[in-house]
Amino acid sequence: MAQAKRSAVRRNYPSADTLGRPEGGWRLSLYRIMFEADCEAGRRFDQAVFVVILASLAVVMADSVEFLAQRYGRVFTYLEWTFTIIFTVEYVLRLLCVRNPWRYALSFYGVVDLLAFLPSYAALLLPNLTFLIGIRVLRLLRIFRVFKLRVFADEYAMLGRALRASARKTMVFLSVVLLIVLVMGTVMYVVEGPENGFTSIPTSVYWAISTIATVGFGDITPHTPLGRFVASVMMLLGWGILAVPTGIFTMEMTLAETARRRGQMRTCQVCMTPGQDQDANYCKHCGARMEGAQAG
Amino acid sequence: MAQAKRSAVRRNYPSADTLGRPEGGWRLSLYRIMFEADCEAGRRFDQAVFVVILASLAVVMADSVEFLAQRYGRVFTYLEWTFTIIFTVEYVLRLLCVRNPWRYALSFYGVVDLLAFLPSYAALLLPNLTFLIGIRVLRLLRIFRVFKLRVFADEYAMLGRALRASARKTMVFLSVVLLIVLVMGTVMYVVEGPENGFTSIPTSVYWAISTIATVGFGDITPHTPLGRFVASVMMLLGWGILAVPTGIFTMEMTLAETARRRGQMRTCQVCMTPGQDQDANYCKHCGARMEGAQAG
Amino acid sequence: MAQAKRSAVRRNYPSADTLGRPEGGWRLSLYRIMFEADCEAGRRFDQAVFVVILASLAVVMADSVEFLAQRYGRVFTYLEWTFTIIFTVEYVLRLLCVRNPWRYALSFYGVVDLLAFLPSYAALLLPNLTFLIGIRVLRLLRIFRVFKLRVFADEYAMLGRALRASARKTMVFLSVVLLIVLVMGTVMYVVEGPENGFTSIPTSVYWAISTIATVGFGDITPHTPLGRFVASVMMLLGWGILAVPTGIFTMEMTLAETARRRGQMRTCQVCMTPGQDQDANYCKHCGARMEGAQAG
Amino acid sequence: MAQAKRSAVRRNYPSADTLGRPEGGWRLSLYRIMFEADCEAGRRFDQAVFVVILASLAVVMADSVEFLAQRYGRVFTYLEWTFTIIFTVEYVLRLLCVRNPWRYALSFYGVVDLLAFLPSYAALLLPNLTFLIGIRVLRLLRIFRVFKLRVFADEYAMLGRALRASARKTMVFLSVVLLIVLVMGTVMYVVEGPENGFTSIPTSVYWAISTIATVGFGDITPHTPLGRFVASVMMLLGWGILAVPTGIFTMEMTLAETARRRGQMRTCQVCMTPGQDQDANYCKHCGARMEGAQAG
């Protein structure tokens, strides 16, 4: 039971207790394949689902290109319905093999799984809802599950820790940036005005964000000397400000990694001096033989 | 008195002594609500002011969108005057409850509070000054006060220290950037000339800043081969130069945080001096033997 | 033999054993000049090849400029054929002097060397393949060899180590970025639609990448209020995300360099184990007392 | 003599010995004012020159704005000639008061000082050379001298050390970037071709640089699906590559600063343990009283 719980958590679904892991029979077999990744069949099922998701996404993307849609429109429609049926069957099977279908249906991935095929049926009834098929892209969120299961677990955990550690500082910083962008956007609206493309304060704020983030689309640009001066100041400002999130994140990660590596170091059991290297045979301070030293 | 002073400082207003904290009566009650954040009523007042500021800003922004202004113009005008009256009343009350009204009126936030409603009246007399209402965005500067009061104090203090520590280096660096931008702007004005959009040296300098900061609006671009070569060199230069402020800030913050964490680690149990190193045997201040010191 | 192997490896060609270093005669002399860089003649040959590559590239680039092609077209053609013949002769000589010509011909640099002149002959037969001559730029890959041989070896090795150390974290991170870009591209396709330039999902994804990487060409820009809001969020997001690869790489390099410098510091004078800490009293490997150790 | 040498070095002019510091009389007085910054008069002269340079630059910049040139053209011409005469007199005086005028005339700042007024005379003779006056901007290079003299010396020295330390790594890195840009530029020229704005290989390389440096002017943009795919890869590449110079510089600076701070630490004169804090009264290792400790 504990094992089932662990694997369910690892797969980002509600835990086994919540979903209601069946006690035996074909429903237990199905459950283990569809919700757990401990057995070979479960892993293969995960991979197959992943490939189908990618294929269905490729079709959605290709179908949005007019040139391809005109040529292969019929093929795309066939593929589209094939994927829709696969996703529908998968969803129904998932519903069948858990003891609390509602818990699954209302969980985050339950909703994502539903949205993967519902728009296709909706578009059948109401043709002008076709664009909703794009919602299928949400299925890609399952990608995270695949990564979680495998070799990148360490990297994920460490990046996550550093991001969490920087989160508060970044929020504080972001609020300052939003304030600057609001003030600067209003200033530019007043300075440049609608006749130079700064048609409203929200538009000016959009421009200010694109400038301070050094994106600079160029769809709106200052034309008056004063506006250009303000823009120049903003660009230099944004340039310096770029340093702040980078600095925060770099620091948090460096300190976390340093602490982790130091944590792997050993302490002399005689003089209690910490910071002994992993491969030390003798204490660097008192010369006592270290525990686990290789035969001299 | 000391308490009042502290809270006033925390709220970025002139200190209590300067403003003249009233000695009792309704003026003291009002003063504590409007200028101090120690009591529950004061905190709620602060939050209410913050919400009203955001709401009035939303109206100013929405009113600048032509589409919305034509539809809801009348509603916006009503709301506009409601906010103006609220701000006026708030300002008058603030004036009333301090002992030195002029001190408040001439303080930074006093001026900001005045600018929050003055443009509305000015626009009444001179309709072509309507755009000045945008000045109200300055009231958002109060955001800093809200942040100061609450949970982000640590993050603020640390970001501030790192920014101050990097300030001198950044100024030196900025002066070099300004020089590069001046020289490069003039060079591009000579190379490309007015017929390619580089209409004057200030315009060329504006272009050089947008290029070296990697914003690249694209409203002005080099067209001659030589101009493109100079631009390419500038872009690679700006790219490398981007590293400098980031490096400065990251270093200052990492060093500050490392020192802070080390400082937290051990305190002498005799003289209570903090900041003892991890491996210290004796207190560096009073020479007392540290707890957990290794056998001498 | 061991020496020949080492130098061959250093030059990025298959090792001497694989290529078949000739046992003597003019073929050995030629082999040493063309494939090894230990003797003076080999170094000079390398430099000469490098200069010819740069010259031939300059001609290819100049020939692509219509203005220059019309004026000096004939000169370019002559030079073009001169370089083609030089590269052909070099290739044939290389084939002649190794014992296993096929091994060389199928090695990475063998293919690159072939591609350097083949397109010229192909263009003679099929004039509309002229543009393939640009493939010659691939020969610049030899630049790596030149750098490898010389003074920058240390810098290369360290940058390489840091890049390899950050590779896994960066891959994980890149997968997250690709996911964000796919989702955001689809959202923008739905929000803005073909009438605003977001003609297909792939195009929208291209736009999303250019936005999140803060490039911002401006060939496609959002026009609807909602689209601009989504774009603003993406820009702020991309801005913060920029911090992640920088942070990863900075950390890996700082830690690697710190370890390297510490490793250089002291060596035990008894067992010659390097990497003793600055404050070590006893060798961590053999327990011998270090020179300059403090009185125990 | 040693003092003169030092101050001359500090002012970026050839050293006193080289220029030939006069031995006495009015020439020595003049020399000390114009070339040295030790006395009050010298400092004031430096400041006056700096102000005149800035003023003359402001006039050059204003004169390039057509709108201002038409209005105040005559005023600008008068000011222009005033500055020219001031610079000429200054140059002649500098020539007069050194013992080796040629040494000064041929030194870097000698040439810069000459270029500050020569174009004005040249423009008098050949009116179509007027644009050369812009060369005066080079005089701003003197800004470096001003900074060198004053309070920023420490910051300058440290930034300089970090830049020098990163120089070799950055050069290696830049060569890789140039190679990528050459290859990618050629690829895009082949993929997109002249009909989409990629008119020649140099132009494509210019585009590749603007893309990889995340500037993205948008004057040239890919239009074919394949071109957009290549551009997307380049943008993600450039994004990751941005991390490298930042990482190099941050590392060098952090390590340099750490070493500097550690260098300021003290060593116990009894047990020779290094790394004692600046404010330590007792050795943290053996408890011995430190030299210079404050009275306990």
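In this document, chain identifiers A, B, C and D correspond to the written order of the chains, with residue numbering beginning at 1 in each.
Everything below uses one rule, namely that contacts are C-beta pairs under 8 Å (C-beta built on N, C-alpha and C of every residue); 3 or more make two chains touch, one makes a residue touch a chain.
Because the structure is predicted, anything quoted here is derived from the model rather than measured.
**Q** Please state whether the interface between chain C and chain D is built from the same residues or different ones, using more than half shared residue numbers as the mark of same.
**A** Shared-number fraction below one half, so different.
**Q** By residue number, over half of the contact pairs should agree; on that basis which option among B-D, B-C or A-D is the same interface as A-B?
**A** Match found for A-B within B-D, B-C or A-D: B-D.
**Q** Measuring between mean CA coordinates, which chain is farthest from chain D?
**A** The most distant chain relative to chain D turns out to be A.
**Q** Between A-D and A-C, name the chain pair that shares the greater number of C-beta pairs in contact.
**A** Counting C-beta pairs in contact for A-D and A-C gives the edge to A-C.
**Q** Quick check: how many Å separate the C-alpha centres of chain A and chain D?
**A** Using C-alpha averages as centres, the distance is 42 Å.
**Q** Indicate the whole-number Å distance between the mean C-alpha point of chain C and the mean C-alpha point of chain D.
**A** Each chain's C-alpha centroid was found; their separation is 31 Å.
**Q** Centroid of chain A to centroid of chain C, CA atoms only: how many Å?
**A** Using C-alpha averages as centres, the distance is 30 Å.
**Q** Of all the residues in chain C, which ones touch at least 2 other chains?
**A** In chain C, residues 65, 202, 205, 214-218, 225, 242, 246, 248, 250, 254, 279 touch at least two other chains, as defined above.
**Q** Would you mind writing out the residues of chain C in touch with chain B in their complex?
**A** The touching residues are 65, 214-218, 225, 246, 250.
**Q** Can you name the residues of chain B that touch chain A in the complex?
**A** 57, 60-61, 64-66, 131-132, 134, 137-138, 140-141, 143, 147, 152, 155-156, 158-159, 162, 170, 174, 177, 202-203, 205-206, 209-210, 213-219, 242, 245-246, 248-250, 253-254, 257-258, 261, 278-279, 292, 294-295
**Q** Spell out the residues on chain A that touch chain B in their complex, using ranges where they run on.
**A** 168-169, 171-173, 175, 179, 182-183, 186-187, 189-190, 194, 199-202, 205, 211, 214-218, 221, 225, 228-229, 231-232, 235-236, 238-240, 242-244, 246-248, 250-251, 254-255, 271-275, 285
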